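Listed after this line are the structures, all set down as structure tokens.
Two complexes are shown next, each including chain A; its partner changes from chain B in the first to chain C in the second.
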Partner chain A sequence: MAKTVDQYFDDLRDTRVWRSIFRSGTGSSTLKRSLAIQQNVFLHLFATKVRRRMLSFSATWYLGTLTLGTFLMLVVTGILLMLYYHPSVPQAYADTKDLQFVVSSGLFLRNLHRWSAHAMVFLVFAHMFKVFYRGAYRPPREFNWVIGIVLLLVTLLLSYTGYLLPWDQLAYWAITVGSNIASAVPVFGDKIHFMLLGGNLVNANALLRFYVLHCMILPLAAIFFIAIHFWRIRKDGGLYAHQSEPSTLTKTTLAKEAQ
Partner chain B sequence: MSTKDFVTGMDSNARKAPRRVAFITRRTSAQVKAVDEETLQTFPEVLFRAAVAIEVMAIGLVTMALLFNAPLEGIADPSHTPNPAKAPWYFLGLQEMLHYFPPVVAGVLVPGLVVMALVVIPYFNINIEAEGLFLKDRERRLRIFYIVTGALVLFLVVFRVFVALVPTLIVAAFMILAAQSSPQSPSAFRRYLASKPLSYWIMSWFLFELVVLTAIGTFFRGPGWSWVWPWRS
Partner chain C sequence: MPDEKHEIKSETGGTFDRRHFFVKLGLGSLSIAAAGTAVFAYQFLSPNVLYEPSPIVNAGKPESYPIDSVTLDVNTGIYLIHAKEGFFALGAVCTHLGCLTTWKPELGIIACPCHGSKFAVLQGNLKPGDKIEGPAPKPLPWYRTWLSDDGDLMVDRGTTIRPMEFLRV
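Moving on, here comes the complex of A and B:
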């Protein structure tokens, strides 16, 4: 009898090399599926089981998941953009122009990075309001809500620092307007403004600082806090289930209740 | 559910159904009310759904990237200030406020307070219990509501911030309607309003202002931050 694709896949998963990489091994028993999560450094951030009703669209609108999706897309397109971009004046602008007109698919890459960034800012706000209106900030999830606020700020800063990088008029003046707000902070305003820009005006130093923040510090911060965010969801007992959301009881519970 | 204080279960086949077991030390009274819900395995079901959701969104974004180009203007020129010079769209609500208030207020105080208010939401019991605002102690709360809203409205009028005044008045109108409603109201909408706690009202007001101010900053502001109609240019 011919083998099915699944069986070939199982054979692959049974090879010595595969098993040396993935600790969970083959098989689709519940145990093996649980191990696939528990024995993986990335996936073990998640719980092995999730309440079915939390997966319905209405529970979360998948907004957190989609926020993660935009972030992943931004990391991939961002790394590709970095291959062509020099954070110096006026080379930065020339590189952006080249991406637009010379580099193959450069225009597409830049567009995708740009629109994904806008989408992420929108989604992170939407996710926050959705979590709020579900009341999912309730204990023991308080701190995950606070982590969420940190992620909101990191997302805004990521988007804001990226805005300067094309070094065109739009970028330059948007950052000038925005960074002037920092000067309004009482007492330390001018110091903060100077530290942010590496000078009193938006110039080559500011571009370099924003580049380091945008491509290094802030993405690492985002990954760090997203990891804690997901791990906390598991530790806090999965997603918040509101009483008014209809629950689907398992047969065993129904049987118990019938007794 | 059964009335037993504490229920725990272990499948006879532990290899097939891994379960958590709770150990309760002596002298702690255990009241475990576990509702046994239907669950799915994260691998592969949940991950698959997440992947599909992200995939669908990716298709949308890729389509957008193929159809619309990201803006790129002339090279940065410190000697030519465009008019108006606008921040990215998500900061235009702030920029709109900078038009009315000094930078310390609009740029530092207000955003700082907003972030602080967001952080503390889950640490107040009133937001945890989340009971309808006017269901208890109605007279006193209504009085406080009128004083606070009156002061806010006066403040916005004095500074001529009519764009923020309109959402404030609309939310206040709904709150007054909520105060006139109760869980026994015949209309489902009014029962809904009556059940809404303070945090709901403040957050909805914030969301409303955020949307309105951002939209005005994006579409209705032209040279010198003057009012323009987007369809007339």
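Moving on, here comes the complex of A and C:
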């Protein structure tokens, strides 16, 4: 008797090697399907069970997921761009030109990075507007809104630090103006300006600092907060769906406050 | 085994035993270490040596600047101006957000391309460098100028002087 494709997959899932990696094994019972989510390091951030209406397009317009998609695209294209880019004053601009005109698919990757960056900023704002106007920021999700604000700032800082790296006139003057805005901070303004640029001018130190911020520190911060952001969705009772009511806990807290 | 808790009544009346002592010692050491880390990070992030251009600029012979002329040096960010009263140097970096300003000979003013600040040069009642309009919070600075032993015009971008101190050659 011929086996179906599903049966081949079931055989594969029953092998010893597979079972050593994915412990849940075969079967489509509710338990097995829950275990498959719960025992995966990436998926365990999410709830094992989700209401169907929470996954409908109208609930979220998938804006958060799309934002994650652009972020992943930026990580992949960014790492590839790093292979041809030297963060030094004599080379940065020439390397950008090379990526544009000499490197195979360099133009494609650079443009993909650029458009993904624009799309990510747009999607972050769209996601926040959607959450705001649906009231999904309200308790018990208020802390996840705060994490979202942090992620907005990280996104904007990633945009800003990436802007300097082509080392052209636009980049140079944008960072000159932007870093001078930091000097407007009371008392510590000039110190912040000096530490941000690693000097008094937008120069070699500033280029290297912005490169390290753009390629290491800020992406790591983003991944860290994205993980918390996703995990909090589960902890706060899943995605917000229209019919859901504020929890009883909140009701009592509000009632106490009202008294 | 007898209870070996050594409780000492402190002056305030609370108990102070060995456990509390070690907790306080631990927390104290951690706070000292945290403060040290903050100082360490601040010092590490502030460079001690900078490879930036010298603030002192050699602007060449005074004869190369005709009278009533405004000359912008883009690389050093200064205007060398030869007025009837003598020479003076103005900073060309806008006091608003650091853009490089330009000299507009047809209007007789200095203008910033970024946010529209305008500065006077030889306007009647305004001192050179004073703001005419725009968001700039301060006038353009006057830099110290002098003649070197070789007769070159020198400008120190690190030292500002009071306006209307001209260098007569």
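Some observations on this one:
As a convention for this text, the second predicted complex is superposed on the first by the 242 of 259 C-alpha atoms of A that agree within 3 Å, B and C clash if a C-alpha of one lies under 4 Å from a C-alpha of the other, contacts with A are read in each partner's own complex, and residues count from 1 in each chain.
Heads up, the rule we're going with is that contacts are C-beta pairs under 8 Å (C-beta built on N, C-alpha and C of every residue); 3 or more make two chains touch, one makes a residue touch a chain.
Please read these numbers as outputs of a predicted model, since none were measured by experiment.
In the superposed model, A:45 makes contact with neither chain B nor chain C. Applying the stated contact rule after C-alpha superposition, one finds that A:176 touches each of chain B and chain C. In the overlay built on the shared chain, the residue A:96 is in contact with chain B alone; chain C does not reach it.
Legend: residue contacts after superposition of the two complexes on their common chain; A:159 is shown touching chain B, with no touch to chain C. Touch criterion met: A:199 reaches chain C, while chain B stays clear of it. Here chain B and chain C are compared by how many residues of chain A each touches, and B touches more. Of the two partner chains placed by the overlay, neither chain B nor chain C lies in contact with A:239. Within chain A, the residues touching chain B in one complex and chain C in the other are 173, 176-177, 180-181, 201.
For chain B in complex with chain A, the touching residues are 1-2, 15-18, 35-47, 49-50, 53-54, 57-58, 61-62, 64-66, 68-78, 80-82, 85-91, 94-95, 98, 102-104, 107-108, 115, 118-119, 121-123, 127-128, 130, 199-200, 203, 207, 210.
By the touch criterion stated above, chain C contacts chain A in their complex at residues 42, 45-47, 50-52, 96-99, 114.
Remark: chain A residues 173, 176-177, 179-181, 191, 194-195, 198-201, 203-205 touch chain C in the complex.
Across the interface of their complex, chain B is touched by residues 29-31, 33-34, 36-37, 43, 46-53, 55, 62, 65-66, 68-70, 72-73, 89-90, 93, 96-97, 100, 107-108, 110-116, 118-119, 121, 125, 128-129, 132-133, 135, 137-139, 141-142, 145-146, 149, 153, 156, 159-160, 163, 166-174, 176-178, 180-181, 183-186, 201-202, 241, 247-250, 252-253, 256-257, 259 of chain A.
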